[in-house]
Amino acid sequence: MKRTIPLVLVFIFGLLGFIPFIVPHEIVQSSDDFLRNNFLKILAAFALILGLGSLLRVHIDKIKRKGQNWPYSWVLIITFLVTAIIGLFGGVTGQGVLPTRIGSFSFDIWTIFFNIEVPLGATMFALLSFFMASAAYRAFRARSTEATLLLVAAFIVMLGVLPLGNSISPHLPSFAQWIMDVPNVAAQRGILFGVALGMLATALKIILGIERSWLGGGGE
Amino acid sequence: MNISLDPWVWISALCSLAIFSFLFRDNPVYKLAEHIFVGVANGWAVTFYWHNVLEPSLVDPLFRHGQLLYIIPCIVGMLYLTRFIPKVSWLVRIPIGVSMGYAVGASIPATAQAYIIKQIQGTILTPHNFASWNAGTMGIVWSIILFIGVLCTLSYFYFSKEHKGALGIASRIGIMFVMIGFGAAFGYTAMARVSLLIGRLQFLLGDWLGIIN
Amino acid sequence: MKFVDYLTKIDRRIIYVILLAVVVLPLLFPSALSVRVMPPVEKLFHAIDAIPEEKALIIDFDYDPQTLPELEPMGFAILRHAFSRRIKVLALSLYVQPLGLAQNALIQVTEEFNSTAQTNRDSVIYGRDYVFLGWQPPPLIPILGMGESIINVYRIDYYGNRTDTLPLLKEIKNYSDIALLVSISSGDPPKWWVEYAQNRFGLQVGAGVTAVSASEFYPFLQTGQFSGLAIGMKGAAEYEELVDNQLHVAGRRKASEALPSLTYAHLVMIAFIIIGNIGFFIKRRQK
């Protein structure tokens, strides 16, 4: 029962997801719309609570057992709580019950997001440019014909997409564009076919109950 | 130089510099910034889950307007929380099965149409495809190259037969196409990564230090 | 031999410093570089330009802080294009992180237009000219739901207003009133719009994507599933060029400002790869 009920639900809701694509009848379309807007949407909201709960549990456990870098878990929990309180009670536009302004200094949710999360997130990825330059220098070797072809294509695209390419030769940008339009599309399409067939096979296996790894482990 | 006096600009700049400190080595300032990022990101998410999703879609209709039908998704959704109760944790499979079942069912015709049928339509040698290049007679050449490239790439990934003879030649051509494709991808990736660095520096040198206009 | 070893073992900190220098110096000493607009961006521009008066444009803002420098200039340029042509805009996000960035883009571009507007007609008014729908998870809900009814999916907008009270949404009801959707995204959302909304409802889709994912989107451009494609910071610079030259809309061109730095950084990377390979070949020959 503990495995049968979920498998039956997957099958039923799989059909409910599939049928509206092939049956354009008004009743089918309206029912599908109703199911999505009034049922599935709410389930997604609860899924966040699960994710959040897991995150908090990991960090609370770390604090309890004094795991590695446990003080930082306090930082995470406190910043989460402060941001959530400001957002929930201060409102999306800072017009909620909690005041989010002291004089001209505003600390509404959007200001916090834009001045803390954006720079932190953006800079994390900005680091990658340094690592990429270093890795490219150390690892990109023309060891074989294939590797040489890869490097040559990379150089043509790197030069061709920028104004410098036009200065070197007016045909270079067009050649770089041709590489993207023809050989790149051929390769990506070949890979895409394989991925799509795999996705279809996996989807069918899940709906038909052949693929059961999502149920989790254990004999139950 | 026209250094900003806005305290939030200074906070943003210090956050950026904290992350950049990782270039020297992993350090407490970086770790602090990392954890603040995760905390703020989740606080932001919770805000919108409540204001944009839970309140208008569940709380309002169920508790303020008495539409009892919404009890069903509420109960099924709450089964997600049984994940934290070992004795009944199997119940989490129910909402997962519902959400995943619908998504997977909807993906079957969508994937087949967008990723297979349409892509085959774009590959086959038809006058429409020849004309789509806007390159006159060269459009026929590009279409043929594309057609051969797709078949050869597929043959490279066909592992049920040894790559010998005609299949061997086709797979060798296929890997050439794949290498060109990956090379192009690397070229663009280099541009992407450097763009992110430039964006941060534009902020630090412009908005914070006021050195650039 | 020592020189050969040096060629293959340059300290990473030297590489970091050189990269930083070639990026910073062009920002400190700016120069204008001509931007050549390529066909994929031209297609996107013309697709938006051709939107008729009675239809709307949906912009899916799906870039997060991690891809902000590449995609935000694109978002700004497309908004300037839409507002200058009086195209009605519906903005949304499929994820929660991009919401703040979408709000920033809408506020900034709206202020640019309203600061020079002479009349109410010239102004960009919320609810009349554009609506920020916000976010409804999971992504499949708005992608499929807006085919039937936009206000059924988004009962309130981002700011908490009831959507059935907004003038724009009394005219624009579902995809049949939408001429084009442009997904500015750092991941797979453009493909999802094609997979679900285009296949089921015939929605036209354009995309603005990061350079990292560019190569995987080209097959969709070739089949016509994308009406146009802008890629990374260069694509944003091309769109800024078109908006500036063809529509004469003023505004900061952040992507175009970055092109010199991008150019020199690419040259440095190519140089380092070549240096590394020279050292590699010399060592291989010596063995």
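Order of writing sets the chain letters: A, B and C. Residues in each chain are counted from 1.
Operating definition for what follows: contacts are C-beta pairs under 8 Å (C-beta built on N, C-alpha and C of every residue); 3 or more make two chains touch, one makes a residue touch a chain.
Note that the structure is predicted; figures quoted are calculated from it, not measured.
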| item | value |
| --- | --- |
| Taking each chain's C-alpha mean as its centre, the one farthest from subunit A | C |
| Chain pair showing more contacts of the two, A-B and B-C | A-B |
| For subunit B paired with subunit C, centre-to-centre distance based on mean C-alpha positions, whole Å | 14 |
| Inter-chain centre distance, subunit A versus subunit B - centres from mean C-alpha coordinates, in Å | 5 |
| Multi-partner residues of subunit C (at least 2 other chains) | 16, 19, 39, 66-69, 97, 100, 136-138, 140, 144, 158, 160, 199-200, 214-216, 219, 222, 234, 262, 265-266, 269 |
| In subunit A, residues with contacts to at least two other chains | 20-21, 36-37, 40-41, 44-45, 48, 91-92, 113, 117-122, 124-125, 129-130, 132, 136, 151, 155, 158, 161-162, 180-181, 184-185, 188-189, 192 |
| Sites on subunit B at which at least two other chains make contact | 23, 41, 44-45, 48-49, 51-53, 57, 99, 102-103, 106-107, 109-111, 115, 119, 122, 146, 181, 184-185, 188-191, 193-194, 196-197, 199-200 |
| In the complex, subunit A residues that touch subunit C | 20-21, 29-30, 32-33, 36-37, 40-41, 44-45, 48, 91-93, 110, 113-114, 117-122, 124-125, 129-130, 132-134, 136-138, 140-142, 151, 155, 158-159, 161-164, 166, 173, 177, 180-181, 184-185, 188-189, 192 |
| Footprint of subunit A on subunit B - complex, ascending | 7-9, 11-13, 15-16, 18-20, 22-23, 31-54, 57-58, 69-70, 72-74, 76-78, 80-81, 83-84, 90, 92-112, 115-116, 119, 122-123, 133, 142, 145-146, 148-154, 156-157, 174-191, 193-194, 196-197, 199-200, 203 |
| Touch list for subunit A against partner subunit B, complex | 2-3, 5-7, 9-18, 20-22, 35-50, 52-55, 57, 69, 72-73, 75-84, 86-88, 91-92, 105, 109, 111-113, 115-130, 132, 136, 146-147, 149-158, 161-162, 176, 178-197, 199-200, 203-204, 206-207, 214-216, 220 |
| Residues of subunit C defined as touching subunit A within the complex | 10, 12, 15-16, 19-20, 33-36, 38-39, 64-69, 97, 100-101, 103-104, 136-138, 140-141, 144-145, 148-149, 152-153, 158-160, 199-200, 214-216, 218-219, 222, 234, 259, 262-263, 265-270, 272-273, 275-277, 280 |
| Parts of subunit B lying in touch with subunit C, wherever the complex brings them together | 23, 41, 44-45, 48-49, 51-53, 56-57, 99, 102-103, 106-107, 109-111, 113-115, 118-119, 121-122, 132, 134, 146, 181, 184-185, 188-202, 205, 211-213 |
